[in-house]
Amino acid sequence: MTDPIIKFDKVGKSYGSLKVLDGLDFEVKRGEKVTIIGPSGSGKSTVLRVLMTLETINDGVVYVGNEPLWHEQRNGTLVPAGEEHLRKMRRQLGMVFQQFNLFPHMTVRRNIAEAPVKVLGLSRQDANQRADELLEMVGLADQAHKYPHQLSGGQQQRVGIARALAMRPKVMLFDEPTSALDPELVGEVLNVIARLASEHDLTMLLVTHEMRFAREVSDRVCFFDKGQMKEQGTPDELFTAPKEQRTRDFLKAVLNG
Amino acid sequence: MAWTEYLTPLLQGAWVTVQLTVYSTIFGAILSFAFGIGKLSPNWLIKAVSVGYIEIFRGTSLLVQLFWLYFALPVAGQAVGLDLRLPPVVAGVLALSLNIGAYGAEVVRGAIQAVQKSQYEAARALNFTPRQALFGVALPQAIPEMMPPFGNLAVQNLKDTALVSLISLGDLAFRAEQLRNFTQDSTTIFTLVLFMYFGMALVLTAIMKLLERFVGRWRHASN
Amino acid sequence: MLFGFEWDTSSELAFAWSILPILLIGLWVTVQATVLGFVVALVLGLILAVLKGAPSRLISWPANVLCEFIRDTPLLIQLFFLYYVLPEYGLVLPAFMTGALALGLQYSAYTSEVYRAGLQAIGRDQREAARALNFPSAHTFTHVLLPQAIPRIIPAMGNYLVSIMKDVPVLSVVTVLEMLNVAKIIGDRTFDYMVPLSMVGGLYLIMTLVASAGVRLLDTRLPKQGLPLK
């Protein structure tokens, strides 16, 4: 039960000479809500993108549910994974993007139902029903037949959350879900995420600049800097009594900025 | 002869021009998608064939292609014991389609590549296969982008049909030249014919605009 | 025999080798027609562009319609028109000249758009900045707009040069002995169209690949932010 569902074991990733992840060790337990904070370029988004298999790693091993994500066991050694393995692993993960990345040519309902039909093999009817339930949950039941461009940013992001949830992932990844939103629309999205956090035993990994929100919903907050986790703790520990000077500087800058 | 008497033969020719345009635009569109997508294929053979097709047909002249298919291909067929003599209409439609298809393929490729990377990422995150991402996510967004250049290519194709008159296909240009030979009334005939081509181009442009609206109707949905 | 060159039909290869000089003579005509047609297109296109941009609707509207008309009608018919109709009004030109004129006319519709797009792309910001600095409008045109427009215009014009080259074979209908026409004549006389027409295809491919590479090179060499002023 205490097995981590996500584990980074000395993971390295670099673009040329720039190290984005530098021997990163990091774990998330089942059902845990973890927020990653840190300055830009700290590698926090890369953690999510590596988990979603949008970016490869150069070094180390990432485990999801005790299985290597980017590798396959072959004859007792780990070799880089093929597309089939990645597809199997990806089923456990869902992602919410900073820019929503909704499909502009599909209605809201279809945005949510398409992958359950095409990937999970649900009937169109079942998928639509699932979509409607999720739209109800994110408070957009009356918007099912609109196209993304007809919605506000906040509404689009709520569709984005519903779309990811429709695949019934075990782990939800939120990559700065409110950064692209106008300030007055941030609240509605955070409310949905907070409800998700309190009502479901979903594992949640969140990258955000919303410190107050991070404090409310997280079981644990991790501070990243230069591709490594510099400090972690409960929200109270990290926000009120950070141990590292670097963390203190960062918090001071964002909380007063 | 009064100019109204030219109308019957010219309209007969115009009808041939319309048919040539319709067939070669449709075949050309099919070729555009096949080779435009082919050029983006991870399979090197498919990619090489697509690049070869596009470069050869864009890199040589339509009239050279038409003459090659009509005059040279039978000679090549003879050498290997095949009858490759094409009726003018087949050679004409084939040359026009192959030529416009090569230009269209570049349009298709460009439009697909212009689809934002984030759309592919969303598709990947939802576990779509690359094929599903292409046909379900990228192409439906790319097709409306292709329509303005496709409209230009369709008009280009209409104009290009005039060249098939040179392999004695009875299109508008052919009828015009025939009439001129017969009546020597060049000014009237060619003015008439220019306006007929112009009219057909305007109609074709309007049709392509309607098609553009249709394939991009999701863009125009409003509250 | 053509242009004083005999052909050798003993083998395909010997045939190809023997007609190569003949085709190259045709190619030289193709190149000349291309260059002349291009020059005409550049000049007529500029005139059209200026007329289309005229402040008076009375001028700009007919210019726009004319431009659309030229663009929407086939080169072949325009060529026939010039070839047969001009002499009726006393203007007798050699076939080659008529052909180059037709090419230039057809492509002027396209080049006029290049001029306009090149100037428009620079946009309002730069115009307003120039106005804010109180530049006289002639100064704005020569020192602000043109240096920025030219690097945008040249590659697009280069692409039309390549297009013109591919349209030159149409001139064969008015007896211009460009490369395709020469190949067709050789085919008519030897009944072997395969070799000369394939060679024309190959030569065209080489010419367009070289020309396109040249345009791309030019495009990368030209400073995107504008030509430096002396």
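The chains carry the letters A, B and C, assigned in the order they are written, with residues numbered from 1 in each.
Just so we're on the same page, a residue touches a chain if its C-beta (ideal position, glycine included) is under 8 Å from a C-beta of that chain, and two chains touch if they have at least 3 such contacts.
Bear in mind that the values here come from a model prediction, so they are computed numbers and not experimental data.
When chain centres are taken as C-alpha averages, the shortest distance to the whole-protein C-alpha average belongs to B.
Chain centres computed from CA atoms place A at the largest separation from chain C.
If each chain is reduced to the centroid of its CA atoms, chain A and chain B end up 46 Å from each other. Here the CA centre of chain B is 21 Å from the CA centre of chain C.
Centre-to-centre spacing of chain A and chain C amounts to 55 Å, using the average Cα coordinate of each chain. Those residues of chain C that touch chain B in the complex are listed here as 69, 71-78, 80-81, 84-85, 88, 166-170, 172-173, 180, 183-184, 187, 191-194, 197-198, 200-201, 204-205, 208-209, 212. Those residues of chain A whose C-beta lies close enough to touch chain B in the complex are 52-54, 87, 90-91, 93-95, 97, 99, 101-106, 114-115, 118-119, 146-147, 149-150, 163-164, 167.
Those residues of chain B lying in contact with chain C across their complex are 55-56, 58-65, 67-68, 71-72, 75-76, 79, 155, 159-163, 165-166, 173, 176-177, 180, 186-187, 190-191, 193-194, 197-198, 201-202, 205. For chain B in complex with chain A, the touching residues are 118-119, 121-122, 124-129, 132, 136-137, 140-141, 218-219, 221-223.
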